[in-house]
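Would you mind keeping the following structure in view while I ask a few things?
To keep things simple, chains are lettered A, B and C as they appear, and every chain counts its residues starting from 1.
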């Protein structure tokens, strides 16, 4: 009776919109596209595009698409978790923080790489990096780059007062006091580290635990086996802030904030990762030639200091549509030439030990041989699928203690209680 | 109040409101400031203006795709919400329904549903239906959230329609579709516009579900793209400012351009109170 | 029932059916499912899925992070809504009194409300920047660490939220003011009432009901608030801007604790429903009539 002329076009428009929306899915076909998710590389030049193009040349008909991850480790983890659990395709090769590998392997999101590797293929890498990429005796991720916590210090300031790099925190504190008294510069901070509520905080607190002779998880999996020592370590960190040996903004500081302040010449000591050295030595840096690094100090009553190890691994998604190619890409990016290019072009340290004595690398980065020894002496964070659960549970407690809203004892007690409940839930 | 004093007062009110909008204007200015001058304040005003940030956002970032996604999803949500909401509102406003009081209560209660409460089951549902990273999934979820408010608003507007108009149409022999086509929808036009506008805005601005249900550029919406804006060394404030301006352009244009409808719709609702 | 009534009844069901279906599957069903989830230990990563009874809730009862999040939610809601209402009414009155330029005034005001909360978050993140932020520049030598200081972070977030949502309250009140018949004011003038008396005796009471509606909406929104604090501070320095919703989201999607996170979601759900119910009883006198 009435014309329904507008129904049909409207319906067609809606269908068109829906199809545009990709509910039909992405079409398969030439060329094969591999998606490589990674965090942007810090450093003077980004060697990644060159490496990806080299892979494309070696595999005609294959395109590699590099996609950036969010900036912080916790945001990256959240993105991965939401999407890998959500069974999204579209990830082929993943850059993972080494602490996630057991978790992702346990969840069944990664492809088992063991059968794709030759027997001694992983021998050239640091043993701890190889272990970090394994779970239940199988290899789930290939070591890509390596990190260790270091103590940076101003060589010019220490030399001026005849001091050597501190081996204990007590020495460090004494050095800070002496230098600040001498320099009389109100803008000069003492010891910078990362106290913001994120994964970096857990790293810093763990290093304090180890310096105090205790740990987060015991051998048998006990949570905080020596709570008194752990509380003492927390109190020590809080004390640094209260005594203004570390600035008040330490509780908001991440790697970049602390690195920037030290790089502007406003601090004597800094705890950070190896990448920072490259930036300190860059042209135009205020501290060029005045910075060196040493191993992290211990506490005077005997425990040697240890830096936390870290780094990134490359894994292959179990839902990848092109598993063979993806594994090939991962092996290509962790090969010796690739790691060498990355070490030269960016500020990332390789996991292959022989590269630390490679002539060209040593010339560009004279600290490489020393770094080799420091990497060996580093300690990993607890290697367990539950690490992220543990870390996200203790972060607010540690932060509360650092900010001063909770006593260290209370923070440790609350951390234990909460961890007990959550770990019980996954048993 | 005397004429002159009133004009001064008017000017003061306008000045106060301009100050209120300063955060917006500051971001606008930032988006045109050269990179080198961003962190060097004071002076507040830049030496020169640049389009570099906009170029970076349009050429190198995911914002254009995100804009397309947001636009498509918001449009589809609005259409679907209206398609379901108009009949539903009519039923609520005019027709006897079994269990109507309970239904109304459920609808009103749904407007208060917190997204966080339903996000975990919806996550599992979307995973099972393989609707993650698609427009359809997000459109369905957005519609379900916009629907209660849509129905509530439209029901109010429908009650304004004189019953005689509907009776005349049924005397003319119009069936239900005819009734809608010739009576209800035309007379509903301003209320419809206001409701459509609000629904579009809600879908465009929605973050929690979009963050959870989108993965890649295939479906990532503007708020998610902005929240995940990549930075390398330091936060690229200029680029983020440019991206923010682009993200706000459609909603701001809509709200400011159609504010008359908005206010009129609210006035009608207020009068009815 | 007459034939007419039967026809209407059938029509009603027909017209309502799609809505009921949509809401049923996407809102009601998940609403029930989340309660069921909250009674379990559910960890996809570890392959755990078992009934836990009320364990998650009893844990929440003694969880210090939860009580801190609850306090934060409460403080955020109360201060945010109070400020919005006061500023919103003031703005509405000011614009209503204007002779000219009302459209410009409304447009300026609506700028803040139109954009996504994420944009507002980025906007304020830049405003609060320690060295280059407009606020600290204005404060000159007394720059504050807005987003890093545990005492300042929540006020900073409240400020951003009030800026963003006050226009909603203002426009609602303004629309109501437009609907007040002019005769009332004329009668008051004839009676010799001054401006203040007019304001207190006529304007504010007429605004009363719409204010209750505005407060209801804003309270419910503030209780559920997520976007702003998630993007601006991520829960803030030492969890000082972590509302229950942010805590729930982290539990759900940072560590995939689907059971525990759902319990937190149910708590927010119950809280919002309780507040809504209380307000609706207040408004019972003349709600939308069926």
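Convention: a contact is a pair of C-beta atoms (placed from the backbone, for glycine too) under 8 Å apart; a residue touches a chain by one contact, two chains touch by 3 or more.
Every value quoted in this text rests on a predicted model; they were computed, and no experiment measured them.
Visitor: For the protein chains shown, what form does their contact graph take: line, ring, star, complete or other?
Guide: complete
Visitor: Where are there more C-beta contacts: A-B or B-C?
Guide: Top pair by contacting C-beta pairs is B-C.
Visitor: Taking each chain's centre as the mean position of its Cα atoms, how many Å separate subunit A from subunit C?
Guide: The mean C-alpha positions of subunit A and subunit C differ by 37 Å.
Visitor: Would you mind pulling out the distance in Å between where the CA atoms of subunit A average out and where those of subunit B do?
Guide: Taking the average C-alpha coordinate of subunit A and of subunit B, the gap between them is 39 Å.
Visitor: Where the centres are mean C-alpha positions, what is the separation of subunit B from subunit C, in Å?
Guide: That gives a centre separation of 15 Å.
Visitor: Please output the residue numbers of subunit C that touch at least 2 other chains, ranges allowed.
Guide: Correct list: 253.
Visitor: Considering subunit B alone, which of its residues make contact with at least two other chains?
Guide: Answer for subunit B, listing residues that touch two or more other chains: 123, 212.
Visitor: Would you pick out the residues of subunit A that each touch at least 2 other chains?
Guide: Answer for subunit A, listing residues that touch two or more other chains: 82, 85.
Visitor: Would you tell me which residues of subunit C are touching subunit B in their complex?
Guide: 5, 8-9, 11-16, 18-20, 22-23, 25-31, 33-34, 37, 91, 94-95, 97-101, 103-119, 121-124, 126-127, 129, 131-132, 134, 137, 163, 171-172, 174-176, 178-179, 209-210, 220, 223-224, 226-227, 230-231, 245, 248-249, 252-253, 258, 261-262, 264-266, 268-269, 272-273, 276, 280, 286, 288, 290
Visitor: State the interface residues of subunit B toward subunit C in the complex, per the touch definition above.
Guide: My answer: residues 6-7, 9-10, 13-14, 16-18, 20-24, 26-27, 30, 38-42, 44, 84-85, 87-88, 90-92, 95-98, 100-101, 103-104, 106-110, 112-125, 140-141, 143-145, 147-148, 151-152, 155-156, 176, 201, 204-205, 207-208, 212, 222-224, 226-227, 237, 240-241, 244, 247-248, 251-252, 254-256, 259-260, 262-263, 266-267, 269-271, 273.
Visitor: Quick check on the complex: what are the subunit A residues that touch subunit C?
Guide: Result: residues 74, 77-78, 81-82, 85, 103, 106-107, 196-197, 248-249, 251-252, 385-386, 388-389, 392, 396, 399-400, 402-403, 405, 414, 417-418, 421-422, 425-427 of subunit A touch subunit C.
Visitor: Along subunit A, where are the residues that touch subunit B in the complex?
Guide: So the residues of subunit A in touch with subunit B come to 1-2, 4, 14, 17-18, 20-23, 26, 40, 42, 67-71, 75, 79, 82-83, 85-88, 90, 256, 260.
Visitor: Once bound in the complex, which stretches of subunit B touch subunit A?
Guide: Going through subunit B, the ones touching subunit A are 69, 72-73, 75-76, 79, 123, 126-127, 130-136, 139, 177-178, 181-182, 212, 215-216, 218-219, 228, 230-234.
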